[in-house]
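So that you can tell them apart, the chains are marked A, B, C, D and E in the order they are listed, and the count of residues begins at 1 in each.
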Amino acid sequence: MLRSNLRHALMATVLTALVVIPIFGLHLERAGGRTVVQPQWGFVFWACALVFVVQMLRPLLGKRLSHLAWPTLPPVSGSQRMGLVLAALLIAVSWPFFAGRNAVDIATLAMIYVMLGLGLNIVVGFAGLLDLGFVGFYAVGAYTYGLLFHWAGWSFWEALPLAGAASALFGFLLGFPVLRLRGDYLAIVTLGFGEIIRLLLVNLTDWTGGPDGISSIPKPTVFGLELARNPSVEGGTTFHQWLGLEFNSLHMVIFLYLMALALAVLTLWISNRLIRMPIGRAWEALREDEIACRSLGLNPMKIKLSAFTLGAMFAGFGGAFFAARQGIVNPESFTFIESALILAIVVLGGMGSQLGVIIAAILITVLPELAREFSEYRMLMFGLVMILMMVWRPQGLLPMQRHHIEVRT
Amino acid sequence: MSELLPQLIQQLFNGLSLGAIYALIAIGYTMVYGIIGMINFAHGEIYMIGAYAGLVTLSVIGTQSGLPVAVVIGLMLLVSALLTGVYGFVVEQVAYKPVRHGPRLVALISAIGMSIFLQNWVALGQGARDMAVPSLIPGAMRFGTEGGFEIYIPYSRVLIIVVAVALMIALTLYIKHSRMGRASRACSQDMHMANLLGIDTNRVISFTFILGAMLAAVGGVLIALAVGKLNPFIGFLVGIKAFTAAVLGGIGSIPGAMLGGLLLGVAETFAAAYISSEYKDIVAFGLLVLILLFRPTGLLGKPEVEKV
Amino acid sequence: MSTPLLDISQLSMRFGGLLAVDGVEFSLQSGEIFAIIGPNGAGKTTVFNCISGFYKPSTGRIALEGRDIAGLGSHTVATHGLVRTFQNVRLFKNMTVLENLLVAQHRHVRAGFLAGLFNTAAYRRSEQEAIDQAVQWLDHMGLREFANREAGNLAYGHQRRLEIARCMITRPRVLMLDEPAAGLNPQEKKDLQGLIQQLRDQHQVTVLLIEHDMSLVMGVSERILVMEYGKPIALGTPEAIRNDARVIKAYLGEE
Amino acid sequence: MLELRDINTYYGAIRAASDVSLRVNQGEIVSLIGSNGAGKTTLLMTVCGNPRASSGSVWFEGENITNLPPHLIMRKGIAISPEGRRVFADLTVTENLKMGGFFLDNAEIEAGIEHVFGLFPRLRERAHQRSGTMSGGEQQMLAIGRALMSKPRLLLLDEPTLGLAPLIIAQIFEIIQTIRKEGVTVFLVEQNANKALQIADRGYVLENGRVVLEDTGANLLANGDIRKAYLGA
Amino acid sequence: QNIKIAMVIPATGPVTQYGDMVKEGVTTAVEMANAAGGINGKKIELVPVDDACEPKQGPVAANRVVNAKIGYVVGPVCSGAAIAAVPIYNNEGVVAVTPSATSPALTEGKNFQFIFRTIGRDDQQGPAAAKFIADKVKPKKVAVLHDKQSYGQGIAASVRDDLKKAGVNVVLFEGINAGDSDYSAVITKLKSAGVDFVYYGGYHPEMGLLLRQSAEQGLKTRIMGPEGVGNPEINAIAGPAVDGMLLTLPADFSANPKNAAIVKAFKDKKRDPAGAFQLSSYAAAQVLIDSIKAVGDNPSKVAEHLHKASFDTPIGTVAWDKKGDLKSFEFQIYQWHKDGGKSLATK
């Protein structure tokens, strides 16, 4: 027992050394025009020592850990549930008035990801279609507003429905040819489409501003009143002037947050209805067995397209809002890694689980922000956490609780 | 007008040398996919680590060591392949093995996490900035008339093609005839059944990851020598391209990966040459979409038969 | 004889070099129970696949009440009232028994998308109708007590029944069963025989059956088609088939 | 030759085998019968090491193989034709057979293939077809043939006659007897008990994961309860 | 209570070298000011903020500055990130002085009150380059490449337009992807087109690769770039192929005897006063400090003061127009050498 343990630990230590040496142990430095190696054996040693100790202790730790149960939600009745939802909403609406600007700002971002996560959840979680190009629709939404503003001076509120519609249309048109493909082929084609959309945005420089995108996009107005220090047009009235308040940029931040919250809640409500409707059942059935569905007369193409289109639409809304919040859209915001992040939210939350997706979205946006101090290690940790979460909790934070219709038996 | 042909040849060569790299990396994707049905998103990072390992080796030896260039390059390839192979092994053990029996998306997310991790791992260890790689093999073969368009075939790129082709032939033979190769074939069909035939599936999987990583390392070293610059983020784009190549050729098929890689390299180069380099990536992905629409399982992929 | 409900003529299906179905011809009268038997690999399932639209036949005509439906696409064929089960049960395993039956009624739901989104009265009524319908079938099949269980957890025999119920709830005209008795024990087989007859009698459905279990086939079917190597080699009543020398040699074996 | 002692096997929280003890002697045909979900497959796979027994032990030729990984168990002279056949769908019939004899040299493989083709002439006709496209019965023959390729001393068969035509079923039972004559011990899992008990030396009856009866094949066949429950009489 | 100034610079990503240059300049200025007693007794504290020179990160960095309640910024360094970020600085009342972002789009037509720069614009740099090419090099066929980003493409377009005006034959104008590593297709294309001069608008990593791969492919033309390629790192990437590269740079003020004290302060800390942006960064920090001294720690007043006053800095006497651009600035043409040095180009 101990022997095999030791052998295992030694093996792990050797591997650690081999892994650490080329990246940390032999540090490359510039010396004049040449590159030289500066050994840092201390680091290698500590890494090896750490791995050795952990590996030796692992059998002990392993036993402990496996006994740690994951907290599960207590069952709640329908009315309790309503109460909880209302309470959560109340808190969500009121806290920004007491919180700091930074926190509200991050929360707004989190809400955008909630919206995106719930949108992708329809496609991946409900309908089981692996979409790696979701960010493409997000981009379409963002650029729809950006371009409409830039070329036609549209306001956010005018552009928002169109952004959703444009993304949905894209989803529909792209979905049409590609949804025949299965599993991973679908994944890679959607990835391809996502990239193509981004590359077009980069290269249609005359239209889209190329890599730099479109900037100075205005924030949403409150019933036509701008939340800005000075009106953008001579003679306009701004929100604070109208209310007779001192200008405070915090107003804008809170307003944006509340809007994001409203959009996220709307998304939640719709997707929550969808999964209970016949279409939701059809998605689920299709995910389980397409052939059986066909034999029952369900048209897989139509059903998949509906999921794809709806998901895209939510991405479009999210995109338009993102453009308004950032004040700038550029292709860099819509790289594949963004798709991966949204997908990670869905999987981490527990595919199909809406509450899980919400929690995961908040975690994934807030955690890296909390780790700002460790800026260098931030992304390293982020990747690591993604792996560990998958290893420890493959079913997601809150695995989907299927919604049943029950009958008396 | 007589210059059109040499220009075409030059571009073809450019495309093939780029494609050879894609192919080397695509093989890693395809093998892993073939066996455990997962898209190893961190494979591009493995390639990047291979390039770094090569540069570290070179820097340890020193550019003025007096050793013959061939020996230096040989050492770089060898050491990098070994170290990167270890990476392949460790990555599988840490991030994929524990989730192998879960839903496939879980493995995919784990792989994406691994990809982010490795990028920043190298960024922390070796710095996020560009590293320059000295050109060890200057010079080029030259064809054509003085004064007209001369075809330049840089030796560094000749090396890419020669090594890549040699490795691919060796690999194909190996998979076909060795016992390990046959075991991988069985595993890629039905892992569980292969296990019931007495095949050690864990070993086959590790072997696959190691081999794929080694090929990627060779690609990394060769391309670093040829183009002269690397940073911790080069793996990502190349990885996506190589993956695209693998799918283009029919994922799971090794000859498909080679074909896909070369095709993608040439298509990209020609797009840059005859349309505009602004559109080369669009052409690459457009090609992918088109081919999949008409051949839903890639060029050499077996059509999916679902027997109802 | 009246015009047949389903008329198959010169049906062939080629896979590369293999002619899996070769000139199969038969017709179904409305309300008939008709069986296809034959050695493994004879092409029985392939005939089913062609009829139900999963394969596009290489040649031949499949006429439903005189209208050619060959190559229409499986979900379209199903909407014309030809519904099938599969050689290996294909239920929606993670959905409940009830939900399996609700999914099957997808086409019959009338309330619109927005009605569903806002949960209007009309929508709730249509949902309730679907549920009532499903419960009726569950009662009918003796599956009521499992209504809220996950389909994948049912005993195999019950899964087979559920699959049949799921077909029936789409109100089919032709019910096609691919080896419904495989994996059932003798008692269950007997029950199945009763069920098939009952469905035909009470619900006027025409049954097309593939089966290797001879007691079931001989007990339930009115006419039998025997296939070998893709070709029809005999067609007739159970009596005639049982005594056909060629069928005995190719399929039944001497007892 | 094979002995199971107090085996318990779980799938998560579900106990699929409870305190099962049974033995298969050298040269016997032993049938394990039981209805759907009784745990027959589970028990057979426990012998192969996947899923692993959570308590109890498995002995093969006097050696405790309970904790060996599956591939090492299968190299000890055991072969299985698993539930669902699991032929390598993209490989041809011949390639499938070659995989069955993975650890043999070429000459032995050639001989093995000839042997299998002798048993199943239908497979010879289909030698170069991709096995995924073959009919159920053909695939079943292939699965048995593949298991025989490794020259096992113990052959595990999981419902080898499921979905087969009457003629083929008869053939398969004949082949099982032929194989036994060639010196292979056979442990046969069947749901359709009639034939299985006819050819068996001994049989076990499994209900809800427990062995409820053990006797010679002939006696079980004559047993009234068994006839009622499993033979439909 | 210290007075905080944020340095918004690329600390990660491909062009961190420019971040280092700016950091050297600003740090020196602040160290000198603190050594001289700070601002009315208060110390000045530098807060580095990373924007990786990515447009996407520009607003993120800006929000961090705002959220940390910092009123003064030196930066952003790159035009792309700056263009994305400045609306926020302006709206939030943060004074931003960039020592290096040269794109005209940053300030043109924007009506900002809080944004300034201590460097010239690309519509001064481009014409300077074009004039040199047309008058001194006199090429027959010119190709203009760029990296599609606001800085690179902006300056490339400006050079192209001026070249055309001067009657030079521009046969190719094309974008390449920053971050790619293989440009052989484009180089073959240049060769095929028979160009004898190339202008590249962008940053040094791509320029380095273009030089190196051009040499390997036997493209024997001179290549010119803007100040964004002027960085010793290019020698490592391009190797000997860099020799003879042309580029526009701000004048080398380190040679000016008036700056002797400052140059010494740089050299004492082993910093390079002759680099492209060190002294403009010094100037950016200095004008902020001087203004705070003059009108107090109030960003709005500082911005007003900057618009009105003029300052004596190592890059000369500076004053701003309404847009926040320098009233005058001069770029010079340099030639780069294998050893990392540079000299004024004459032909």
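The rule is simple: a residue touches a chain if its C-beta (ideal position, glycine included) is under 8 Å from a C-beta of that chain, and two chains touch if they have at least 3 such contacts.
Here's who's who by UniProt: A = High-affinity branched-chain amino acid ABC transporter permease LivM; B = High-affinity branched-chain amino acid ABC transporter permease LivH; D = ABC transporter ATP-binding protein.
This is a predicted model, so every value here is computed, not measured.
Relative to chain A, the chain whose mean Cα position lies farthest away is D. Relative to the C-alpha centre of chain C, the farthest chain centre belongs to E. We define each chain's centre as the mean of its Cα atoms; on that basis chain D and chain E are separated by 77 Å.
Separating the CA-averaged centres of chain A and chain E is a span of 35 Å. Multi-chain contact residues of chain C (touching two or more other chains) are listed as 45, 54, 86. Across the assembly, chain B contributes 132, 134, 278, 281, 308 as residues in contact with two or more other chains. In chain D, 133 are the positions where the chain touches two or more neighbouring chains simultaneously.
Interface of chain D with chain B (complex): residues 48, 50, 69-72, 74-75, 79-80, 82, 86, 88-91, 98-100, 102-103, 132-133, 146, 150. Across the interface of their complex, chain A is touched by residues 52-54, 74-76, 78-79, 83-84, 86, 90-96, 98-100, 102-104, 106-107, 109, 113, 116-117, 119, 127, 131, 134-135, 144-148, 166-167, 170 of chain C.
Across the interface of their complex, chain A is touched by residues 50, 54-56, 58-59, 63, 66-67, 80, 83-84, 87-88, 91-93, 110, 147-150, 153, 175, 178, 233, 235-236, 339-340 of chain E.
The residues of chain E lying in touch with chain B in their complex are 12-14, 16-17, 148, 174-177, 179-186, 188-189, 191-192, 205, 208-209, 212-213, 216-218, 233, 236-239. Chain B makes touch with chain E in their complex at residues 3, 7, 10-11, 14-15, 17-18, 123, 128-130, 132, 134-135, 138, 140, 142, 149-150, 152, 154, 156-157, 223, 226-231, 233-234, 237, 268-270, 272-273, 276-278, 280-281.
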